[in-house]
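My questions will all concern the structure given below.
The chains carry the letters A, B, C and D, assigned in the order they are written, with residues numbered from 1 in each.
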Amino acid sequence: MRNKLITMKDAVAKYTWDGMTYAHGAALPVGSDSIAFGREMVRQGRKDLNLISNCNSQQSNLLAAVGAVRRIEVGFAGLEVYGFAQGLRRAITSGKTICEDFSNGSIPLRLLGGALNWPFVPATINVGSDEQWCSADNPDEYPAKNKMPEVTDPFTGKTCYAFNVIKPDMAAIHVTMADIYGNAIMLGTEWSRYELSRAAKKVVLQADFIVDTDCIRQFPNLVRIPAEIVDAVVYWPMGVWPQCSVGVYDSDEEHMFAMNKALRTEEGTEEYVEKYVTSYQTREEYLDVIGKDKVDKLNDNPTTFLMDPYRKWILSDDEIKELEGR
Amino acid sequence: MRNKLITMKDAVAKYTWDGMTYAHGAALPVGSDSIAFGREMVRQGRKDLNLISNCNSQQSNLLAAVGAVRRIEVGFAGLEVYGFAQGLRRAITSGKTICEDFSNGSIPLRLLGGALNWPFVPATINVGSDEQWCSADNPDEYPAKNKMPEVTDPFTGKTCYAFNVIKPDMAAIHVTMADIYGNAIMLGTEWSRYELSRAAKKVVLQADFIVDTDCIRQFPNLVRIPAEIVDAVVYWPMGVWPQCSVGVYDSDEEHMFAMNKALRTEEGTEEYVEKYVTSYQTREEYLDVIGKDKVDKLNDNPTTFLMDPYRKWILSDDEIKELEGR
Amino acid sequence: MDYTRQEFMAIVTGRELKDGELAIFGVGLSMLAGYFAQKNHAPDLMAFTEGGVFGSTPVGGLPWGIECNRISANATSFTNAIDALCVLVGSGRCDVGIIGAAQLDKYGNVNTTGIWAEDPPWKAGRYTMPKSRLNGSGGANEIAVGCKRYIIMATHEKRRFAEKVDYISSPGYINGGNDREKYGFPGGGPSAIITTLGIMRPDPVTKEFYLESYFPYTTIDEVKENTGWDLKVSPDVKVVPEPTAEELKNLREVDVTGSLRKK
Amino acid sequence: MDYTRQEFMAIVTGRELKDGELAIFGVGLSMLAGYFAQKNHAPDLMAFTEGGVFGSTPVGGLPWGIECNRISANATSFTNAIDALCVLVGSGRCDVGIIGAAQLDKYGNVNTTGIWAEDPPWKAGRYTMPKSRLNGSGGANEIAVGCKRYIIMATHEKRRFAEKVDYISSPGYINGGNDREKYGFPGGGPSAIITTLGIMRPDPVTKEFYLESYFPYTTIDEVKENTGWDLKVSPDVKVVPEPTAEELKNLREVDVTGSLRKK
């Protein structure tokens, strides 16, 4: 098995391109998402993206705010208790971003259908709702006939409905731990990360910790994303900030609100990007941008005990630097 | 949450009946299956069963050998390296048991379809094979039209195929650990136990160990079968014998062969039942039937380290007796 | 008794949940109502979120999301979206859910996707961008389709209570009557709309929501004035019993950060 | 050189596997061939079983099954049947698989389900019980449908090598030509039949298997005599190079219990 540890910069340069169908994963708007990966995409100026977001998160909010999103498929476009996602909302309302609405259950089912290479997925949800009848891709047709078309159940002859499947070009998936080969452990809800890892043509992991493979062999049932389907592994501590990584750090309430407020306007977005996206070069500088006190505070939360069984296998920053880019 | 720990005898009496659609789970013919539960079904004389066996195991082999199986749906009818399942083979060849063949991938997909309450499951496997054209339920029709009927892909207009879904009346599922509420952890391949736990109308767990709920809260990502969907929990050590429970005990090579040989004939089956099915009343007597030396030997194997992280939460036999039947 | 209208709404919603039921809670108000029920009168209420977070109770305040650390700290199982929303909810297995609404109509359809300045899509015959873009259905669509029954919670304001919603994000009874059957929904539909003013129930035949009871601090006229359709009133209309001291105590122990106490 | 025919067959099968490929192995012979390749010339061959057991190498002897302790002791991931067989194999993602055959035919169709005394179902027009009931397809159907290519291993005996199999458990090229396209199979079909006597390959157009090369200890005539259809022979037919000492050593390190050495 090959060492797949590479730098964030290299990962974004190699696995993303303008116009691609990019999926991020993504445990809901406040949880584990590969947000640092999204920041790097902004740094490298990616644009014209077709975004697959089971849920919006601060990553899609940011990418939409900077105008990088041509189209988004989404089940939920908000930030839960933090309100509407102002960057995404502005992009949709201004017509910059086309938004094709589904629900939180149908996006992962369509990813599963992609993973299974099915022609379609039976639809028993979203039917009879405007998720079925409104299509941003075909706005002139209401009710839309082809977003969730009819299919006849061959066993009963009844009319049913179907979803199309999703196969993203690439998925950047946040995981709690990975080894250098790409065996990954997630703590907290998987949300749709399992389906995403199988539906995407390429998979890049963003990990809070790099662990020795002995950890993987001790807990193989936790390894829901095996090395066999992973193309690259990026180590990026606090990479979900300002959202939370269950077992590791909490969400940063203050920054969640401030970031969302900033993304509401073009000016605010520019300022935000300058301050929190293009302001660092290294992981150390990134942590400085967050601030040491803040980092410590967020790492002291009621879920940290969930990491206890794995701590002894965590590689040090120096060991990781040694392995990166080999 | 309710204590669901009950005795094996009560579990079989309460959750099984003649003529039912019974599913057992089941990590392949040599791995984790609720075999002790099947022995108890034989003890209580269950018959006329419609069996859902992703794979045959020594449980379906035994149930078929005693003539308790009216019909079986199966993906694989053998015992891997241990050869043909002689009890099941005899039941099928003699016409006692109708066997509807699928494959190891299509049975769990059909269970998933049942879990999702779908009208059908798109079939991209088993098509063009005699799994599609041969139907034991409709033997006069070859090629069978309705086992995996045509369905039109609404996106392309192409002809595709469909599986029907499975919703067993009850599933008896082997798990490595469970708490008294039914939160369960499996070590080793899940095989189709996740899908089975969701597709079945009732779920009974057969566990090697009963653990404190603190263990569950330490490893929630391992709890793929949560208490919310479980009806009863049965503690039965060595309950997969003579097959293996990964992380706990190895398969008993000698007994695997001997059992299979015995089930080849009616007389052998009678003798086997007398010696290994009706010969014990308690868990202690069951272990005596296997033999202490054998138990010790099987528990000393290269996977036992997989249990290490959980050992401190295992409840003692006395604690369990105290909780049973409350 | 000193309580806010939001608190009353949460308590009345909580009263709808029964011990031993399997329930799915969303974030915010609905979660507070649910955990209040668990604490107050339904200790064996089995709750999970659409993230597949099972068996937990919030720690340290109102969760920021259904996956956040406050709801993850003492979970007994973490699964995933398909498991929670499709396998347990969309399939028809879950007993009860609670959803919110930005806009709702007399047949219990819920809109959380957008508000149009002029003709909404169903009227315009085309899908234009909304004036005000909202969050989309999230997991509420699955709850609406699949839960055996579900409760809609909403602040009672005329602009929210429409004759017909601009966009059906989560289907209630659609155009009324047996319309749900057309789509084979396994769930029974909304059993109540609980607002800051009262409780509405669907007519058993037409499925149009009528006023069943109202809160002690309002009047039937005020409720009707704040409803965007010609609200029918039950001949047996009652006043909803005030929160008890015990109920308020239990709610506030759940709502430790006092998010419902802001007037 | 002292080796058994089973050992030669395993080595020749192993030679078909390339470094870096994603491969699925079944139990028994196919697993030995696969792990031999990993040990001998393809260290980065990524292997998993249909149980979703990833990254392991057998410990303590030939595994009894694809889920047993001998294959589970050093796994890096345990998932499940849908993941392995449907998501990774049936979808067309997996590079190569190896399956066995109780009976096979000139188009590479494999029967592992039953042998009929008289007319098999396709001839009889009805599905009667077989005289000899076999195991069924297991996961081989998914491998046959989905792997980019796969190898069939079988002891070369006339009764096994039929003009047409009694029952297609795992489809090869069905009736030949482009027949696989009818069903939209993502996989390319069987790339080789490797037997105890030689290697057969499919004709690029008709998909009928012909003899490409044979083992040093046999003859073309012997191969033809042991084949149930009129076997075509490549004009460039070759003799397969004997196992090297290195290959034998590596195979025997995998086959620690010597299951292939029984003559």
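One rule holds for everything that comes next: contacts are C-beta pairs under 8 Å (C-beta built on N, C-alpha and C of every residue); 3 or more make two chains touch, one makes a residue touch a chain.
Keep in mind the model is a prediction, meaning the values are calculated, not measured.
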item: Winner on C-beta contact pairs when A-D is weighed against A-C; value: A-C
item: Whole-Å gap separating chain A and chain D, where each centre is the average of the chain's CA atoms; value: 40
item: Whole-Å separation of chain centres (CA-atom averages), chain A against chain B; value: 37
item: Chain B and chain D, separation of their C-alpha mean positions in angstrom; value: 28
item: Shared interface positions of chain D, touching two or more other chains; value: 72, 78-79, 86, 90, 184, 186
item: Contacts with two or more other chains, residues of chain A listed in rising order; value: 116-117, 119, 124, 158, 160, 187-188, 190, 220-221, 306
item: Chain contact topology (line, ring, star, complete or other); value: other
item: Which pairs of chains touch, using the document's own definition; value: A-B, A-C, A-D, B-C, B-D
item: Residues of chain A defined as touching chain C within the complex; value: 27-32, 54-55, 74-78, 80-82, 84, 89, 92-93, 95, 99, 101, 103-109, 112, 124-131, 133-136, 139-142, 144, 158, 160, 187-195, 244, 246-247, 250-251, 253, 256, 301-303, 306
item: Touch list for chain D against partner chain A, complex; value: 22, 44, 46, 48, 54-55, 72, 74-79, 83, 86-88, 90-93, 184, 186
item: Chain A residues touching chain B - in the complex, by the definition given at the top; value: 113, 116-122, 124, 146, 149-156, 158, 160, 162, 164, 185-188, 190, 218-222, 305-306, 308-309
item: Complex contact set, residues of chain C against chain A; value: 27-28, 49-53, 59-60, 62-70, 72-73, 78-82, 85-86, 89-90, 113, 121-122, 124-142, 144-146, 167-171, 174, 179-180, 182-186
item: Residue ranges of chain B touching chain C (in the complex, touch as defined); value: 1-2, 115-117, 119, 181, 183, 198, 213, 216-217, 220-221, 223-224, 226-229
